[in-house]
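Just so it is clear, A, B and C label the chains in written order, and each chain counts residues from 1 on its own.
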Amino acid sequence: MSNSILESESASGNNTADNTAGDTITNPAGSEPATTVMSMQQALNRALDEVLAENPKAVIFGEDCGRLGGVFRITDGLQARHGAQRVFDTPLAESGILGMSVGLAMAGFHPIPEVQFDGFAYPAINQMVCQIARMNYRSRGTMPMPITLRVPSFGGIRAPEHHGESLEALFAHVPGLKVVSPSNPHEAYHLLKYAATRPDPVIFMEPKSRYWQKGEVDAARHDAGGGSTTGAKVMREGRHLTLIAWGAMVARCLQVAELAAEDGIDIEVLDLRWLKPIDAEALAASVRKTRRAVVVHEAPLTSGLGAEVAQLITQSCFDTLRAPVERITGFDVPYPSGDLEDEYIPNIDRILFGIQRVLEYKRG
Amino acid sequence: MDTLLPVASGSAAGPLTADELRELYSLMVAVRHLDTSAIAWQRQGIIPGYAPELGQEAAQVGSGYAVDTTRDFAFPTYREMGVARTMGVDMVAYMSTHKATWHGGLYNPMESRLAPIQAVVAGSVLHAVGWAHGQTLDKKDGVALTYFGDGASSQGDVHEAMNFAAVMKAPVVFFVQNNGWAISVPTERQVAGGSVAARAAGYGMPALKIDGDDVVAVLEATRRAFAHARSGNGPVLIEAMTYRRGPHSTSDDPGRYRSLDEERDGAGTDPLERLRQRLLADGIADEAFFAEALAAAKVEEEQIRTGIQALGSRPGTEMFDLVFQETTPALQAQAANWREESEHV
Amino acid sequence: MAEISFPLPDLGEGLIEATVLEWLVSPGEQVERNQPLVEVETTKSAVELPSPQAGKVVRIYGGPGDKINVGEPLIVFEVPDNTAGIVGTVPKEEAPKRRVRLSAVLDED
């Protein structure tokens, strides 16, 4: 199985001449490729446009979503195309936005609210945890919560405080919420379209540092080489070690894999995509083959999602693992200001150090 | 709207002196010049971003001027540069937050009596109530001055803060700068009923709705509110009507949601120009004084810019050292790992 | 980089043209929204036109004395392809850099 056609652009991180693989569209069906090059911003915008067109009960709202088109232009033009009844600005109150989503869902709508930045999800946690996440349960399945909450997430853009945080472990810990994060435009398009048609609440974490990178989007098919929209995805095949990541860290791990290849180390990169539920089978399948695993995330180390991933791998691959699963993560510190951002986010060398520790690990 | 009883004692009731009026003008010029310069710094790559306060100089200088830094405490958002300057905060340390040096800025909030800059709207309004209640518990006479905007007034925390303060008769002055816009959303789509000040009645709290572009009106209102709160009468809400003449931030494009004509109509007369005309009419200042004030503002901006450009990154160890007063073994281990693997050499 | 062009706006009262008196900005200059761009004269009066856009000036049309019709190009700005969000910057894509090399003797059992 090879999905390299989708990721080669992310792998090199730019559109330089050595990136020819990204322009080669292999299509097993033999028909003309139906791909478009677009940024993640454009891919998300297109997905939302289609969701609104296909589902008359879908509504988009939040701060500055309407006339402005969102603080990252993700909802640009949607109000003009679908009307101010279906794409609207709210007053500035995240708890209000999420609480109102509950009522709209009860009334038969599919709310697609936006919280402008990761750090602004905190004021909405009460509605998210105490209400959205458990209304289906409380109502014995009679009040489903088809709410797709978009949260521009993670760091890397030198923004002010509360604009660079990674909340996936917080969300994933809440029973009743599902969590997903795309790593490139193709994933963004398909995962958002999928999430926005589910009957359950999904937190959709958009890696804001990847908004502007362009990539091929094949709107007709999600996983050309197999796999499932609900699971993880092998972005690069390898034999010696599996790097597991999501969001913006996938592109970095693909860079690391290329560098490791220079040293004769063949690395597999697994994009987890769904952070809840986690695709334990994909983790097992990959690590059974490579026997070594390093998980990379921007969020702090302690009680981060890396711990969950490491446990799932240990559970399924204890006998074949050559080394303990390594975690390369942000630190247990508040997300720092722009000047220190590169010190905080896992960089290439820190990931390579982690890989080296795993490679040279000796049992006993 | 004015539901606050007149204050008849102390300096709060007295008219402003000529010296005070001239000082207010000099402060407003310094703030205006630094604010517009900061946009230029961003365009020149000196800082990555900035939230301008163009048009809000009177609201910020006038209210900040009322603070007694020996006993009061102010709680800003991220757009109170004019308040910081008026309170005498080190402006290189203040502006460092916009250089992405340190969230919150590098000034000492305890010494300067200005809480750290923070980016969640309405985040610090309840803090002011707590600080003020501490004054009551300690039998001190400090007043908390808390800033927020028309957008933040939609947050539940603001309701909680006002209710708490009124229930506890906490010495808080809630200072709303209603600048007409929360990024792209105008006040009429933000504030039901059209007035934040009107909400005070529901809490049994006096309120002043004032012309926020008239620095004298702002200062007098804030002094009245401080006197009321300081005398144990509980909180006061001031809604200063002003206008965000610039973009929300240096990467905002207001052309997407308002026209130049709307801006002109909404903005009214420049608050700086209004004070200038008043000083001229009252014979308090002349062109030479205005020129001198501008020259001083330029010298000051240059010093601040030089300081900002000279400001290096904070050492990465501070990421770890400043999390707790009492650090943890896990954090120490992470710091050691960071030093080994990625400390820049 | 994309370009965004602004035509001479309708200056009201049915006027169809204006004469450039003086340009207050020049190509290459960074201007802010509302900053005076050009002084023009109509049959009614001389007015300063404010900039509708923050950005870098690429081209200006007409020198002093030239007439421009309403709706014809007046000024062109340069607009970056990647507009930053409301805060922060657009990350630069850089070639990956490394200090660390990997070494391992891998048994292939």
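Keep in mind that, in the parts below, a residue touches a chain if its C-beta (ideal position, glycine included) is under 8 Å from a C-beta of that chain, and two chains touch if they have at least 3 such contacts.
Quick caveat: nothing in here was measured; it's all calculated off a predicted structure.
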item: Category of the chain touch graph - line, ring, star, complete, other; value: complete
item: Selected pair, greater C-beta contact count between A-C and B-C; value: A-C
item: Separation of subunit A from subunit C, taking each centre as the mean of its C-alpha atoms, in whole Å; value: 34
item: Inter-chain centre distance, subunit B versus subunit C - centres from mean C-alpha coordinates, in Å; value: 31
item: Junction residues of subunit C, two or more chains touched; value: 83-89
item: Touching two or more other chains - residues of subunit A; value: 64, 71, 158-160, 163, 349, 353
item: Residues of subunit B touching at least two other chains; value: 48-49, 183
item: In the complex, subunit A residues that touch subunit B; value: 63-64, 66-69, 71, 89, 91-93, 95-96, 119-120, 122-123, 158-163, 301-302, 331-334, 336-341, 343-344, 347, 349-350, 353
item: Contact footprint of subunit C on subunit B as seen in their complex; value: 39-40, 43, 48-49, 183, 245-249, 251-255, 260, 263
item: Of subunit A, residues touching subunit C in the complex; value: 13-14, 16, 64, 71-73, 116, 152, 156-160, 163, 208-209, 211-213, 240, 255-256, 258-260, 263-265, 348-349, 352-353, 355-356, 359-360
item: Subunit C - residues contacting subunit A, complex; value: 82-91, 93-104, 106
item: Subunit B residues touching subunit A - in the complex, by the definition given at the top; value: 48-49, 78, 97, 99-104, 118-121, 151-152, 154-157, 182-185, 189-191, 256-257, 313-314, 316, 318-320, 323, 328, 330-331, 334-335, 338, 341-344
